[in-house]
Amino acid sequence: MLFSVILTFLGLTAVTFVIGRFMPLDPVLTIVGDKASTEVYDRVYRELGLDQPVVVQYLTYLGKLVRFEFGTSVMTARPVMEDLVRVFPATMELAGLALVIGVLIGVPMGVIAATNRGRIVDQIVRFLSLLGYSMPVFWLGLVGLLLFYAKLGWVEGPGRLDVAFDDIVPTVTGLIMVDALLVGETEVFFNALGHLILPASILGYLSLAYIARMTRSFMLEQLEQEYILAAFAKGLSPWRVVWVHALGNVWVQLVTVIALTFGSLLEGAVLTETVFAWPGLGLYMKNSLFAADLNAVLGGTVLIGTIYIFLNMLSDIIYSLVDPRAREPS
Amino acid sequence: MMDMPLLRVRNLSVTYPSDDGDFRAVRNVSFTLGRERLGIVGESGSGKSTTGRAIMGLARHPARVQADELLLGDIDLRRQTERQLRRLRGKRMAMVLQDPKYSLDPVMSVGQQVAETHRTHLNSSKAEAKAAALDMLNAVHIRDPERVYAMYPHQVSGGMGQRIMIAMMLIAGPELLIADEPTSALDVTVQSQVLSIMDELVRSRGMGLILISHNLHLVSSFCDRVLVMYAGQIVEVCDAGRLADAQHPYTRGLLAALPELGHRRRDLPQLQRDPAWMDDIITPLETRMPPPGA
Amino acid sequence: MTTWRGWLLNPAPTSRRQAQLGGWFRAWLAFRRNTLGMAGLFIVLLLITIAVAAPLIADPATALTQTLEDRLQPFSWAHPFGTDELGRDIMARMMFGARITLTIVILVSLIVVPIGLAIGLPAGYFGGWIDAVLMRVTDIFLAFPRLILALAFAAALGPGIENAVIAIALTAWPPYARLARAETMTRRSSEFIQAAELQGASHLRIIATQIVPLCLPSVIIRLTLDMAGIILTAAGLGFLGLGAQPPSPEWGAMVSTGRAVLLDHWWVATLPGIAIFITSLGFNLLGDGLRDVASGRG
């Protein structure tokens, strides 16, 4: 399994390498400008290692990656790695809260829908789920801002914090709300919450749509099994049969779903952060894109891609921990 | 013996409505069960399993269950709410299923599943239930119950799993046990072990047992009385020892088709089915014969 | 009785064609009973009709000409969906936008299915090291985040609808390879395949004539369901400015430009978004309906 993870990582880096190296823009020209002489051009060419065979170039690139050297950002003039560390917590905060909402609400929804198959509750859950994963997240974000911020004033607007509150709270974890609590700045805390709640809810809704659908599907499968009949024959209450036995068996499969959902939350972050001007990884990458900052874009790609791969591996590991059948027989 | 029969069933019918017309899985089944071992034999689709489940109130949705009488002791099972039935299941009547690989929760330890029945019906503490479960595992002849308690269903053999199932279902002390194909998923060598354990428990607790199987030989050697079902109806009732005197052509056909050691035949006769066997029997059998001990 | 219906539903068909068509007809009858599936079908057909007939219904000029006196008009008879920030009729633009959406759907399908089959079929059929290698490749591509990769492509190759299609297609094919492989492995040792082998059919012939038709139903269902997600991804790319470039009336791009005037002229951004939503919904409903029929729960 570790072998396949490494192989996938190599594949990912190979793709980013290819994109970075063979793109139309000449990397030498971006450094020396198009008025440089042939000698300068050649010198920089050799300095960048472009005269080496492709394989060697790839290995050098790989070597730099594992030492977290993603190059320098054209946009911020700082090492890309530094930028990534700065923006990542914001995305984690958003994606993390959205996932929590998705699981806490989506799983029970799916269970309730499955146990009431065909009835109104089931139809409602299926309908809401269907809406959820047919909706473009950026559109929902805009509509949400329009309604809840502009018209109703229930939440704060775009951005992570009102400008007035910038730099009041020292950065410890990068999660503003946590940092605010650590120093007791409740006003900052509530302001941050007001900004976070709308995007997190929207992303949360989209996550719960998928999670509820999958939970329902897994539950329906479990409820057909013999051990459920046996559990009823023992005289257990439906509550226990469903929430302890059936759901216990569903968790195993749900782990993969949750990992996948988190992955797609990171992906969608580019769109959400654009809409909400949320200073996270997604917005960073979009801005880099339009600044033609290839190092930054590829750096972000490698980061997200690696997290994706890591999530897949994690879900496999958790699966084998949670499902007794996957462990070694005693 | 004038004590009340454990179970009285009169004209039990189970119907499944469908677009193409109702399917009558069980038709007018009647029998009485005392503290004895009753076998119900039939092929797949004969309605034998459905009968067992209907008695427990576990017929698969959207079944419609009707009966003139369905009495567990003096409790009218037809009039019980689902909540009341739940209290009866496991405590007064129990059911053992066919394959422990599938009928035990794969992600919970077997010991906990046995203890669970105890806690549910006897409101015991965790420690009490565990102790009772260990006792029960002992009672089904599982050596080293402490170690087995923590194991998972996929780690135990078929025979052990079935014994665990029996322990799980009998721990709360029911008086009726319905065993639906309890040995069909087991190796032949293990079958008799499991059956004898079941026998021992049923006898020592004075329980009534309904053994459902497709195996005529098994049923006739293990049970006191035999009911033969075909297409949802009972077509034959007799004492196990007197099977050879069976009347109904279906039963005779089944008997004739059984291979016997020491009895050489060239070809086993094939069962010839008479479509007339599908017709409703006007006077269902059990109502004709007097109940045992009357 | 020689009505079409009678012929198709004949329980004892006399020709291969009759049996096949009969099968399709029965599936259609089952599907027809699925209300939501039919709703999905309706939406998809509506999309196709609008896309094809756009130049006939709406005047292309109104969609592309900038009439600045008319900018940001709300709903009216002349402009049922209002006008955008450059005075262009939104309804007309949305209709032409349907063409772009349909184009993306078709192009991605045309790339993804052949690649998926080309990789999955041999993997399942030949097994062994071919299977191992092909599946490794599939797994690698499966691990790529779609939108991010499209972003990376756009950064390197420049924005544009062709690059968007390529980026989406490159990350969308793995599930089809897996599907094709699974179906092939199930059928591989079937007797009718063995019979064909005994008759001397070459591997290619067997794969092409026997196995591909069996894979198609699940591939089609999967494709329909995936379409919903692909439309959303494409719209997302358009929103970021990476898809079809202005003045192309791509729905995602329309939402993006409408952002600037969202507060006072909400329709400019909201309506194209509704189009994206309904289209995606339609494909989801259709795909769900097809899947229900295929698994016999119609």
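For clarity, chains are labelled A, B and C in written order, and residue numbers in each chain start from 1.
As a working rule, a residue touches a chain if its C-beta (ideal position, glycine included) is under 8 Å from a C-beta of that chain, and two chains touch if they have at least 3 such contacts.
Treat the numbers as computed from the prediction; the structure is a model and nothing was measured.
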Task = Kindly indicate the chain pair that has more C-beta pairs in contact than all others.
result = A-C
Query = Comparing centres built from CA atoms, which chain ends up most distant from subunit C?
reply = B
Message = From the mean C-alpha coordinate of subunit A to that of subunit C, what's the distance rounded to whole Å?
response = 25
Inquiry  = How many angstrom lie between the centres of subunit A and subunit B, each centre taken as the mean Cα position?
reply    = 53
Request  = Going by the contact rule at the top, pick out the subunit A residues touching subunit C in the complex.
outcome  = 4, 7-8, 11-12, 15-16, 19-20, 23-25, 130-131, 133-139, 142-143, 145-146, 150, 263-264, 266-268, 270-271, 274-275, 285-286, 288-290, 292, 294, 297-298, 300-301, 304-305, 308-309, 312
Query = Tell me, which parts of subunit C touch subunit A in their complex?
reply = 136, 139-141, 143-149, 151-158, 228-229, 232, 235-236, 239-242, 252, 255-256, 259, 262-263, 266, 269-270, 273-274, 276-277, 280-281, 284-285, 288
Message = Per the contact definition, I'd like the list of subunit B residues that touch subunit A in the complex.
response = 56, 58, 86-91, 94-95, 97-99, 102-108, 116-117, 120-121, 151-152, 154-155, 165, 168-169, 172
Ask   = Of all residues in subunit A, which touch subunit B in the complex?
value = 225-227, 229-237, 240, 245, 248-249, 252, 322-325, 329-330
